[in-house]
Each structure stands twice: as C-alpha cells, then as structure tokens.
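Heads up, the next two complexes both have subunit A, just with different partners, subunit B and then subunit C.
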Partner chain A sequence: MKRYTYYIYIGCLTALLLSSCMKQVENPTVVQELPDIYPDYIDVTIPVGIAPMDFNMTDDEVELIDVVARGGKGGELHAQGAYADFDIDEWHALTAQNQGTDIRFTVSALKKDEWIQYQDFTMHVSPCPLTDFGITYRRIAPGYEVGGNIGIYQRDLHSFDEFPILQESAVPGQCMNCHTANRGSSEQFLIHLRGERGGTVIQTDGKQTWLNTKTDSTKANFGYSYWHPSGHYLTSSVNSIHQSFFVGKDKRIEVYDTMSDVLVMDVRTHELLLCPLLQTVDWETYPVFSADGKTLYFCTSKPCRMPAEYEKAKYSLCRIAFDAQTGTFGTEVDTLLSAATLGQSFTYPRPSYDGRWLMYSVTNFGNFPVNHTEADLWLMDLQTGKTRSLSEVNSPDVDSFHNWSTDSHWFVFSSRRGDGMYNQAFIASIDDKGNATKPFLLPQRNPKKFYHEMLDSYNCPDFTTEKVRFDARTAGRNCLDNQRIQVTLK
Partner chain B sequence: MNILKKYGKVLLTIALAVAAWCFWALRYPQALAYHEQIQLFLFDYDFFMERLTTPAGIARYGAEFLVQFYNNLKLGAAIIAMVYVLMQIGVWRLGQRERDESRSVWYALSFVPVLLVWFYMGDENMKFTYVVALLMAQLSMIAYPAKQSAWSKILYAAVAMPMLHWLAGPVVMMLGLYVALKEVLDHKNYALASGAALYSVACIIATAPWVPYPLFRLFVGINYNINLYEVAVIHYIIMLAFVLVPLLIQHLPKLEGKRAQAAGVVATVAVAAMGGFAIPTAYDTDKYEVLHYDFMVRRQQWDKIVATAQKKNPTTPLTVASLNLALGMTGEMNSRAMQFYQNGREGVFPSFNMNFESSLMTAEIYYHLGLVNTAQQFDFEAMEAIPDNTKSARLLKRLAETNLINGQYDVAGKYLKLLQKTLFYKRWADETMRLLGNEDAINNHPVYGQMRRFQLEKDFLFSEQEIDKVMGQLVLQNSQNFLAMQYLLLLPQLEGNQQKYLMYKDFVQKTLNEKKP
Partner chain C sequence: MKAFVSQYSLYFLSLLLVVSAFLFWYLGYPHALSYQEQYQLFLWTGDYFWTDVLQVGGLADWLGEFFVQFYYVEWLGALVLALLLTVFWWLTTKVVDNRWYAFVPTFLLLAYLGDESVLMSYVVALILAMGTRLMMQKVHPLFDLLTVPVLYGLIGPVAWLYVFLRLIQRKNWQTVGLLLYLLIIQWVVVSTLLRQWPLTSAIMGTNYYRIPMKLPPFQVLIPVIIVVLAAWGKSFKRYRLWRLAALAIIAVMCTFFRFDSDKYELIRQDYLIRHERWQEVVTRAEKYQVPVNFSSECVNLSLAMTGRLAERQFAFYQSGEDALIMPMVRDLTSNLPTMEAFYRLGMVNESMRYAFDLQESILNGKKSGRLMKRIAECCIINGKYAVAEKYLDILQQSLFYRNWAKDARSYLGNEAWIDAHPQWGKLRKLRYQEDFLYNYGELDKMLGRLFINNPENKMALEYFLAQLLLKGDMASFQQYLGWAQRYGGYTMMPYTYQDAMKCIQAQGDVPGSAYAAYVRQMTQHHPSAATESNHSAH
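And now, the complex of A and B:
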C-alpha cells in the first residue's frame, strides 16, 4: 500500500510538471470571428475513429495555439503547441463518445505576446461510422512523361500511418497506374505497370498473376479498369492516350485519347469478352459495373481530330446490360447523359456499392477531369434518374477521382483546391437523401508543414477495407522476369 | 634532402590537396555545379529523419550537406580536396602498426585508394555519398580495437557493423574484410575472421525485408550512384583498395638507406604517374562539354559560350542548342549561327528524351523565349528525370519563378518556403517571397515583367511540329521579343528553305513596322 501511495505521488507530480509546461491563456482578447485554421476543418463532418484532426493557424506569426475540444455528449481534450495536436487514443475516445453530435473547439492563439480567443467552431461526428481501414492512392509528382518516384500507398484513416504498397524502387523504371480494388477489397485488386517490362498484376487472396493484356484484336493494353462485384470479371478500356501542353498561363495540359474501346475479361480464364456495341468507331472509355453487376456504365465520345479539335471531344454517359452468368452483353445502349444535348463531358462514373447513387465528373470537354479546373463532381440518383452538382463539395478548382467507401456513406476524392497544382485527398459523407457534407482534407500531423512541403499529388484515392498486403519484392522479381500470361479472345 | 626527409610526407599530402583543388575548381567546375543542381538539402528535422530511414542515410545526409557548398565552386573544390586528404591520411594511419619511420618509403602507396576515388568521380553519376561512406568505413576500421581482447573485438564488430551498414551502406563489407584479414594476418584467429566477414554480409541481408529495394541494390548501395541500377566494378575495387593497401603497407618490408630512398622515389613517381595519366581518361570529353555548356547557360554567360564555341565547335544537340541560345541572347543568331556547326532542329529545340540534361536545356530555351508554361513542363520533367528521385534546388527555384510569372502564388510560395530552408537559396527565396501577390512589383520586375509581356494571351496547344507558328505568335504578341524573331528566322535557314526565310523575314519586318510607336 505504501508503494502505491508512492506511485500516486510520483504520478501527480509528473502531471503537475507537465501541466505547468503549458502556458495559461490569460486575459485573451476575444474576437468575434472564426479562427483562420489550416486545413479548413470548420463545420466538417467526420467519422468516429478518424485520425486526429490536427490543425495549424494559417498565420505564420502565431507562436502558440491553445485548443480545447469539448464534446456535446461529454469529453474534453486540451492541446497546446505550435499546432493543435491531439493524442490519438484520447481523440478516438472523444469521437466515439460524441457520435451523432458535435465537438466544439475553442481556439486561442498567442501572437506578439498577446492571446487572442476566437469564436468557437464545431466539427460534426457523423452517426455513420467509416468501417474501412483506410485509403489507397498513387503518389505522383507532376512530371508528365517521366514517372519519377511514383508509388502506390495506403493510409490508415485511424492514425497517421502511411504504408507503401508498391514503389518505383521495387519495379525499377516502370510507371504504375493506380491500384484498382474490387469494392475496396484488400484481397482482390490489380495494378497496371507501364514501361519496357509493363503488364497487369492481379492479386487474388495473396497470389499474384501477371498478364499481358494487349492482343492483336484489341487496340492497346488495359487502361481504366473496374471489377465486377462477383470478382469473376473485370472491365477495362483500351486507350491510345496522349497529352499536349498549353502555351498560355491558365491551362497546363490536355490529356486525350485518339481511340478507345471497352471490353470485359473473365478473370478465371483470362479470356476477353468483346461486344460490338463497345468496340465502335466512337471512343468508349471509363467502364464500371453497377452494384448488382447487371449493368455496365461507360462513357463515349464521337471521334474528332486530335489534338486540333480537343474542345470537341465530349463524352456521354451510357449503359449496357451485362449477364454475369453467361458473360454476355445486352443488345442496346442507353444514353443517360448526352454530351450532344447537354454540351458537357461526363466521365469517371462511380456507382455507390449500395446501388443508390452514381457519382461522376463533369467538365466542359475531354475525358481527363483532373486537368480541368472546371471539373466538378455530380451525383445521379439511380432510383429517379435525377442529377445535381455536389455544390456543397465542389470547389473552383479541380475536383475529381472520386470513390465510395464500402458502406457507401462516405466518398473520397482528389482536389486541387489547395494550391492549384497538387491534388489532395478529401473525404465527405453523404446521407440517404444524397446530401453531402463539407469535405475534410486527409488529416496529417502538423498538416501545414506536411502539405506545404509535399511535392506529390494524391491520385485516384479509394477506400480499402483492410490493410493491403502486397509482396513488392515478388512483384519486382516478376516484373524483371517478364513472364506474362497472355490474355486471349473468347 | 633532410628537408625532404622531414617534410616529404606533408609535402606530398599538400600536393594532393593542391592538385585536387586545381582540378575541380579550374578544370571541372561544371561537375561541381552539376552535382549541386541535382539535390535539395534542407535544414529541417523531417528532412534529416527521412534520410535516416534508408541504409546509408547518414552518409547521404553528410554528402548532401557538403555538396550544397558547391554553390561556391572554389569552396566546393576545397571540400573535395579536404576529403581526399582525410582519406589518404586515413589509409596511412591504418597502414602503420606503430610509428615506424622505416615504412615511410611506402607513403606514396597511401594515395592509391584516393586516386582511384578521383578516377571514379569521372563518372558524373557517382554520388558523393559513396565518398562519405568510404570515409566512414575508414573511421570504423581505424577505431577497430585490434590489440584488445577477443571479446572487445567481438563486441565492437557486433555493434559497429549494423550501425555502419545503416549509416553508410554496404561499405560495411570493408570493415568485415578488414577485421577478417587483420585477424588472420596478425592473430591467426580464423573463427573471428570468418565470423566478421559473414556478419558484415548478414547485416546487409538482414535489412532487406525492411526497405523497399531489391537485395542487390543493398549490396550496390542505394545512394552511391545517381543511376540506381548501375553496378560498376571499380565501385568494389575501391572498397577493396581501402582495405588492402593499408594492410599491404603494414606487411611490405622495412627498407633503409639508399634502397629506401630509391624505393620511395619509385613508388612516388609510379603513383603520381598512375594518377596523372589515368584520371584524365575517366572524364568523358563529350559529357563534360555538355555539362560545361549547361553550367554557362545557368550562369547566363552568353559571351563565354560563344567564345568557347569559337575555340571548339560544339556538335551535340544540347551544346549546339546552348550556343544558339547564347547567340540569340547576344542578338547574333541570324548573323552568326550558320558559321557554326548546326544539327537541324535538334540543335535549336532538342526533343524530349526523358533525361535530366536535355529537359533542363530545353526548359531554359523556352523560358527565355517567354513560353513560361512550356518551360515549366520541361522543368517538371527534368526534376522527375533525376534518376535517384531527389529534387533539385535549381529546378525548384525555376519552378517558383514560372509560377510567379503565371500568377500561381500558392504554388510559388510552396517552393519558396522550401528554398527558405536551404543555405544558398534562402536569401533569394526571402526576397522573392515579397513579390508574391504583388502584381505591380512583378510587372515592373526586369525579368518577370518582361516574361509576362512575352507570354501568349491567345492560348493553344503547343506543338513541336509547328514550332514556327509558335515563334510567329510570340513575335505577334510582343515585337520586343527579339529572341523569338531570331529563332523564327533561323528555322528556315536550317532547312535551307530560302522562300520560307524571305517570307518570315517579311513577316518580322512588317510586325516591327506596325508596332513602331
């Protein structure tokens, strides 16, 4: 007993010492304005268990920031330092305790030896949990032809931990396209590699299969791919992709196709299923399967002379039936959104996994929204066919590359709203009526330093249910071996 | 003679330092500039910690710290000379069992490993990390407690080898080999010898699961060469030399009297001759000529470029392109370009071939023409084309400028903040930071203001095949863009198309007349 008393005494003394390290917010000047914080987390909606929403003051002259976070249902956190940095476990406990209600933040900043206290702001803790482990994405610097230090990574959304899945260093000299998982599965996904020893690697239940996807009867290797929910098929476009650069100062680059088709591959036999309606003289691309796997959505444009007529390439959003039992297609193509009628280009469709919504990109022209500052996210209600711009989410800059969480209550997308050059990953939730919440930037410890010094873009973010386990060393060996299974026509 | 006997060793070491300094400061300063421009060293805790995450991280950090001083070429040359001297003294120190003057006749042999390093540095892709790693390995060999108990030696090897591997990379094999040979030669302790050798290799293999590199890369050294997958035999020969030469010195016979004098003279002359003849052969003339032209373009030494070309006609696309740019900047392109060797459009606008040097040069040409966006594109490509995936302070500076001119202040600020963490770009970054968002200051800036006036208001997709039209648009945009005019008139000259030349000349004349105040 005497020993325990001794420990309690030591503990109290340590706590006292630690608390005395914090400066008291004394006689602050209370201002009637919200704090100018980076990232802008004011009024965002977050899931329970998300990584701590650390933030900085945008003003570099602020020496110290003092933040008290109080939950509507109880719980309190106190952080003080150069930026607001919350303990992970305490933060998780606070969000869990306040699921479905708000956390109120009182921010005081010390500047020139004077404390300023701002109006409180809130973050809303969604009643819908985010059950996925994290997100995957490609990190790529803005080189246009040279791959550089490209890599596919995953980030635990509940902490700040990032793990590489495949980096260029493991597959020397190869450019890699994004990791495409079957509904965020960590067990079934593919990665396309470009370059001299390129190929498509499919991993199912830990086993890597390397494919050569170009055949004499198809126009190119697989491009933009998507899994059938059964896992037995995947659909892909085959594109001849090019890029040209603008000479003026407002636009940088236009990426375009000079031809493209859509096909389906039976993953079990590596046989291609071709459909004349998806192999026309028009340019079909961005194929995706519906949540029930019975419909194939894709985008299509009338061909034009590229790059001279780059502004004429406008893509309609279409669909065709698909029978997974027989591996056959419907006989008619429905046009959901007509580029000719609406005068815009509709690309990158992503159906929610609950079958309710279809999110897609809208640009003035072209099929590569990530380079269009006007690119916005739109939402179609698949029950009513009604569409609307997600204005509560969109920014004046690029918003694109969206994907759904596996429970379809959250979505992640990349946006250039930060500085106009580097894509960052944002997450937002969506309710049963299709109302989205204000998105929040992927949390980082000391986010201002992190994002201001980050020289990579977050490309094609997607959710992953579990941590992806991919043997990059085996992939490197397989890549160098150049042994590929040739896909064939059925 | 007595003076030579007394100070001979010091004089030889000083001679090495002087020769190295002259070589790098006066003969190959472009090599220093090249290495300085393909790295970005930041005074930042995270930067340091990031370096620590891979084997040889500290050697890399140390090397990058030193290489940043190459910004001042004379200081850079002095640093290399100093490192050479330290290495040579280290070899000599290892070669002495005890202070034994009778072995001084073999002093010249202690220069051999350093001369090999000097030779290998002729490969412009060899990184200074390798040199720093060698130095660290030498230190670990010097610190080996050879005369102490077996347990002390085992303890030292057990701790030093994994540490050395993580801090300096596969040079840990040098320590393993040194301990092995030392134990065999001096103590006949074969168990410790074989254990040390195997343990050094095991240290490398054991880290493989933790780093995202193929195993062979860990044996080659992750940051020893810019080309990550290059395996040069000399790489290992040098490592061997740093182990074997000290042991050789230790075991060569003691000589005295005239035999010693003769042997000393022969050894010195032989080593000096080896260095004098072999080292220049390692420096590829064409490669270093390209680097020299790039160096002059970076410093905007236009007259010097023309003078250099007059002495020796440049022939590669990059050197010819540099010359043409220099002629344009001095207003002599149309009168003098055809006096030099030309290699068609490649010598005017080199085509993009995914490498650092060509992207950089092409970016410079477009930048001076006022095609800021095109220059930015090539600068990005150049940055990503650095084979070992480092960033470049020079390119970051240029990217900050292109974004500043384009009015993209957030991105420009991002780059400037990074440059504020460097030693040599900080002042410039601080000054440029004040321009962010200040439209008047930028518009009135002698360079950025002019670039803005040159920039095309009519936007279209750039095409190398239609470069004449792009030049024409630049002339129409601003009749003060004399560089664009000169390029426009040079293009038909290179094709030998007299009719087109006259047409373009007429167009330029008309534009000038119309735009006259």
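And now, the complex of A and C:
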C-alpha cells in the first residue's frame, strides 16, 4: 500500500509539473474570425470513437497553440503545444459523451509573444457511429509507370496506427492493385498483382487462392473487381489498360482502355459466367453488384481510336439483372445515365450496402477519374432515380475512389484538393435524405507535418470491418512460385 | 630498428591505406561516389533516424546513408570512404591478429564495392560487428545475452560475424550456445517482424544490397574469410610473406576486375552530365565510347549543349532511333540522360515524369536528392508551387541540398522572379505552350512541334533534324533542312547535314561518310528498317 502511495505522489507531481509547463493564455486579443487550421476541421461531422482530430495552425509563425474542447453534453479537453494534440482515451470519452451534439473548440495562438483568441468553431459528433475497424488503401507515389515502394495498408480509424497488408518488398517487382473486400469484410477479399508473375489472390477465411484469370476467350486478366454480397461470385472487368502522358504544364496522365468487357466468376468453382450483353464491341467496365445482388451495374463507352480520340471516350452508367441462384443474367441492359445524352462520363459506381444510394464519379470524358481535376462525386437515389452532385463534398480538384462504410452512413474517398498531386483520404457521413456532411481529412498526429512530408497518395480507400490478417510472406512465396489455378469458362 | 618498424608500421600502413584509398576514389572513381549519393537523400531529422533505426539492421543503414551523403563533395566522400576502409582494415588486424592477413578481406571489400548495388550499410555492419567484438574483449560472456539481440537489431544478420568471432575468442564450448541463441532470435524476428520480406532477404539482410532477393557471394565470403583468418590465421604463419603477397595481388586484381570498365564509363558519363561538364563527355568519347544507347544520349546531349550536335553527331556512336531520347526503362539509371535531355530541351513535363519514375525505381525505396531536386525544379517551372514546396522543404532537411532548396523556395509564387531566372525562365519560354499526349513513336514530330512552338529553341531544331537522320526519314529531313538555314544561325551548313545530303544524292555511296556508315550499321542490325530508310532516301 505504501508503494502505491508513492506512485500516486509521483503521478501527482508529474501532472503538476506538466500542467505548470503549460502557458496561461493571458490577455488574449480576441479576433472575430475563425482560426486558420490544418486540416480544415471546422464544422465537420465526425463519428464517435474516431482518432483524435489533431490540427495545426496554418501560420508557421505561431509558436504555441492552446485549444480547449468543450462538449455540448459535457466534458472538456485541453491541449497546448506546437499543434493541437489530444489524448486518445480522453478524446474517445469526449466524443462518446457528446454523440449527436457538438464539440466547441476555443483556439488561442501565441504569435510574437502575443496571444490571439479566435472565434470558437465546432465539430459535430454524428448520432451514427462508425462501426468499422478502419480503412484499407493502397499507398503509392503519384508517379507514372513505376509503382515504386507501393503497398496496401490498413489504418485503425480509432487510433493513428497503420499496418501493412502487403508491401512491394514481399513481392519484389510486382505492382499491386487495391485490396477489394466483400462489403468491407476482413475475411473475404482479393488483390490483383501485376507484372511478370502477376495473378489474383483471393483470401477467404484466411486461406489464399491464387488464380490466373486470363483465358483464351477473355481479353485480359481481371481488372476492376467487385464482390457479390453472397460471396459466391465476383464480377470483374477485363481491360486493356494504357496510359499516355501530357506534354503541357497542367495535366499529367490520361489512363484509358483500348478494349474491355465485363464478366462474373463463380468463386466456388473458378468458372467464368459470360454474358453477350457485357461482351460487346463497346467498352464495358467498372462492374458492381447491387446491395441485394440482383443487379449488376457497369459503365460502357462506344469504342474510340485511342489515344488520339481520348476525349471522345465517354461512359454511360448501365445495369443488367443477375440471378445468383442460377448464375444467369437478364436479357436487357438498362441505361441509367447516358453519356451521349448528358455529354459526360459516368464511372466508378458504388452502391450503398443498404440499397438506397449509388455514388459515382463524373468527369468530362474517360474512365479514370483520379487524373481528372474536374472529377466530382455524384449521388443517385436508387428509389427515385434522382441524381445530384455532392457539392457539399466536392472540391475544385479531383474527388474520386469512393466507398461506403458497412452501415452505409459514412463514405470514404480520395481527393487531390490538398496540393493537386497527392491523393488524401477524406471521410464524410450521409443522412437518410442523402445530405452529406463536410468531409474531414483522415486524422494524423501533427497532420500538417505528416501530410507535408508524405510522399505517397492514398489510393482506393475502403472500409474494413476488422483488422485484415494477410500473410505477406506466403503471398510472396506463392507469387514467385507462379502456381495458379486457371479460371475456366462455364 | 625492428621494434621501431613493428611499432609504427601499423600507423604507417593505416596512413598508406587512407592515402591510397583516397586517391583511388578521388582520382579514379569520383563518379562512383556520385552514383551512390544520387540514390539516397539523407535527412537530418529525428523522424528519418527513427524510421531507419526501427528496422532490423537500421543503425547500419542510417550510418551508411549518413556517410554516403558526404559523397556529394567528391574529396570529402573519397576521404570518408578511405577512412571507413582503413577502420575496417584496422579492426580486421585486431580480430585476425595479423596486419598483413587483414588486407585480404579489405581488398575483397574494395572489390565488392565495385558492385554499384552494394550499400554502405554492409560496410558499416562489418565494422560495428568487429568493433563490438573488440569492445567485448574483457566483458563477461553473460553480457552477450543482451549484446547479441541488440547488435542483431542494429546491424542485421552481419551480427553472425560477431557471434563467430566471439566463439573464436572465447574458445569455450559454452559459447556455442550463442549460435543457438542468435538462431532463435533471428527465427523469431524473421517470422514476425519481417513477414513483408521474402525469406531469403529476411535471413540474409534487407539493407546490404540495393536489389532485393539477390545475394552476392561476396556478401557472405568477406565475413567468412574474416572468421577463417581469425580462427586459423596463426597456423598460416609458416607460409612465407610472398605467398601472402600473392594473396594480396589476387585481391587487388579482383578489385579491378570488379570495377567493370564499361559500366563505370557510363556512370562517369552520367556524372559529368550531372555536373554539366559537357566538354569532358565529348573528349572522353573521342577516345572510347561504350556502344550503347545510354552513351549515345550522353554524347549527343553534350554535343548539343556545346553547340556541335549538327556538326559532329555521326562522328560518335549512334545506337539508333533511341540515340537521343530513350523510351521508358524501368530501372534507376537508364533514363538519366533522357531526363537531362528533356529538361534542357524544354520538355519539362517529360523530364519530371522520367525523374519521378527513376526515383521510384530505386529498389530499396529510398528517395534521391538529385531527382527530387529536378522534380522540384519542374514543378516551379510549371507553377505547381504547393507540390514544389513539399519537395523543397524535404530537401531543406538535407545537408548538401539545403541552401539550394532554401533559395529555390524564395521563388515560389513569384512569377517575375521565375521568368527572370536564367534557366527556369528560359525553360518556361521553351516548353510546349499547348497540351497534347506524348508519343514516343512520333518523337520527331514532337521535337518539330517543340521547335515551332519557339523558333529560338535551337536545341529542339537540332534534335528534330538529328532524329530524322537517326530514323532515316530522308524525305522529311530534306523537307525541313530549310529550317536549319533559316533559324539555325549557322554561318555554313553543318557537316552532318552536308554529309547526309551527299548520302541522299549518292544513294548512300559516299566513301568516308559517317552518316553512310551509320546507315550501313543500321542496315546490318535492322534490315527491314534499312529498306524503309533506303526507300525514303530514294
């Protein structure tokens, strides 16, 4: 007992010393303006239990920042330092206590020995929790033809911890496409590898299966894939993907197909289900299943002479029925958004898992929105068919690569709004009426430094329900062994 | 006298080694130092330190990079490397207890350094392993329970050298347990922390060699020889000195054999281009030129930069249509001269693209000071200031790029300053004013378009006509030769153009013609292309 008393004394003394290290905000000059902070977290909506929303002042001349966060339902946090850095546990407690209400931040900045106190701002704690563990994404330098030190990672959204799933070091010389999970499942997902020893690895309940997805009757290996909710099928495009580079100063890359089809694979038998309506002379791509698995959405463009006519490639958003019981397709293709009529290109459809919404990318042309500064996110109400631009989310730069949380109340997307070159992951919530909230940048400790020094883009972020466990060593060995199960036609 | 010699010979030999190694690198291979330096960017930050050190073998990695940063200044780099080599030799003398035998692993190490993919972390790891063994000379073996895992964590699998040397030193069978101990530690680490590495790399070290999955024999041979000499060196004493000398000679020969002359000639050309020593590239090529496209590009660029491309292009080896601009090659070196040529031509976006992909081709995932600097410059020219700022702020954390980056940062957003900058301002005028897709297959057209874009871009004009000649497109060459007369500023028609015209008129039958020789060379290598070329000529 005596020993514990000592510990308490030491703890109190340490706390006293620490608190005495904090400078008092004395006689601040109160200004009627909001603080200029990075990231812009003013008025954003966050879920309970999100990692602390640390932020910096954008002004480099600020020596010290003092932040008091007060919850509308109680609770208070105080942070002082070079940037606002909140204790994880205390932050979680504050957000939990204030679910459905606001947290008000009072920010004071010490600059040239003078304290400036700004107008308070708020963050809204959503009544909808974010139940997923975190997000997965590919980290890749925004280069051209070389993937470099590419890797697929996962990030615990409740802390700042990032874990590698598969890094390039495990499969030297191979490029990897993104981890595609079945509704954010950590138990069923696939990864495509490109390169000399490329292939598709499907992991189900911890077991890796390596496939060769190219057949004599299909145009290429699997490209953009998506799971059927039953987990028995996956749909994929098979594309001949190319990229060209601009010589001018404003644009860098245009990625395009010279042909593409859509197909479905029975995961249990590794048999391909082909449909003539999805294998036309037109270019079909970006297939996804609806939430109930009865509809297959995809995008399609009339063929063009590429790359000369790259601006003519415009994709319509279509759908076709799919019967999972029999593995058969409907007999008609329904065009939801016509590129010919609307004059734009509609790609990367992502239906919400509750079946209510369909989010997609809109660009002036092409099928690779991440390189189009005009790329915006749009939302379709699947009950009414009405569409609208998510203007509350979009930015003047690229907004793309969106995916839904498993409860469909949140979505994540990548945006180049930061510096025009590096994609960053943003998260926003959406209510029952389809109104999205102001998105917030994926929280980091000392975010200004983190993102300024970050030399990778966050590519294809998606939610994951649990922490993904993937044995990279085994994957590397299997990749090099080149032993693949050949998919066949049914 | 003998005692005196014995006492001071160690110092003398150390000094001799420092001086000779310094001269070897400084006079013989400054370009090798530049090559190493350009594939890393050492930052003086705590984050950089911890990112390295928290990896297995990370301290060796960090120290290796720390030393290599000084290669930026040639004499300093040569001195650092000479000192490291001497320290290695000195520690080996202590470990094997013979200063002469110690030369064998030293020369082998020098030979191994001739492989451009060897990282300095390997040398540092060897030094730290032997240094630790000497420091632990009189320390109780129980401390090895701590030393071995810490050393393994800091320098990686070269920690095995320490364990074997300790075994030899103690001559105690109980110390054999150390082998098992390190084996268990390594097994645990390889099975847990290094799952993102193939088994071979995880076991043999992830940071000693730039190319993953490769295990050069020298990497194992050098520590094995140290162990053999430490264990049985004394029994070799009955051999006479000349036998030892023979060993040393073999090692020296091995050194020169490892420094492949053609490879290092190409590295030297790139080094000279990096430092804009154009005339030296041409002078060296006059004596000997490696017959590959890399060399053609270096020489052609140097000729262009000294205003003699139109005069002398075919006096040098031309590899073909890729002799001016190479298509994208996924490695860390091949596209360096193309990146430089693009930049000077005013094809700023393309220079940035090549620089970016070259940087991403560095197989150990490091960034490059040289390439990041180029990317930042391109961003400044293109007005992408937010991205430029990102790179400049990183470069400011280095020792040797700091001042440049600081100065460059002051230009951000200041259009008038950039326009007035002698290089950036000029490139802003030379670059394409319109946007279209790059097409390597139509390189000649792109160069022509670049020239039309700004008729003051004489380099673009010369590259355009040179590309037509390389391609054998005689009809176009004749069609556009007028541009050379109108815009080239030549007092008389350059020799290459005269020669080419003679070839056209004489249908290739011009004795002593350099261009005719080129066409013949291409005919032999690419008969179909030659037919096309002849057809065009007719």
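Couple of notes before you dig in:
By our rule, the second predicted complex is superposed on the first by the 477 of 490 C-alpha atoms of A that agree within 3 Å, B and C clash if a C-alpha of one lies under 4 Å from a C-alpha of the other, contacts with A are read in each partner's own complex, and residues count from 1 in each chain.
Please note the rule applied: a contact is a pair of C-beta atoms (placed from the backbone, for glycine too) under 8 Å apart; a residue touches a chain by one contact, two chains touch by 3 or more.
All values derive from a computational prediction rather than experimental measurement.
When both complexes are superposed on subunit A, subunit B and subunit C end up clashing with one another. Of the two partner chains placed by the overlay, neither subunit B nor subunit C lies in contact with A:433. When the two complexes are overlaid on their common chain A, residue A:471 makes contact with subunit C while staying clear of subunit B. In the superposed model, A:169 makes contact with both subunit B and subunit C. When the two complexes are laid over each other on chain A, subunit A has residues 141, 143-149, 164, 167-170, 172, 244-252, 254, 307, 310, 418-422, 452-453, 455, 472-473, 476-477 in contact with both subunit B and subunit C.
Taken in their complex, subunit A has these residues touching subunit B: 141-149, 164, 167-170, 172, 244-254, 307, 310, 418-422, 449, 452-453, 455, 472-473, 476-477.
Those residues of subunit C whose C-beta lies close enough to touch subunit A in the complex are 47, 195-199, 201-202, 206, 212-213, 328, 330, 347-350, 353, 356-357, 359-363, 365, 367, 381-384, 386-387, 390, 393-394, 431-439, 446.
The part of subunit B that touches subunit A in the complex is made up of residues 46, 208, 212-214, 217, 228-229, 352, 354, 359, 371-374, 376-377, 380-381, 383-385, 389, 391, 403, 405-408, 410-411, 414, 417-418, 455-463, 470, 473. Looking at the complex, you find that subunit A touches subunit C at residues 141, 143-149, 164, 166-170, 172, 244-252, 254, 307, 310, 418-422, 452-453, 455, 471-473, 476-477, 480.
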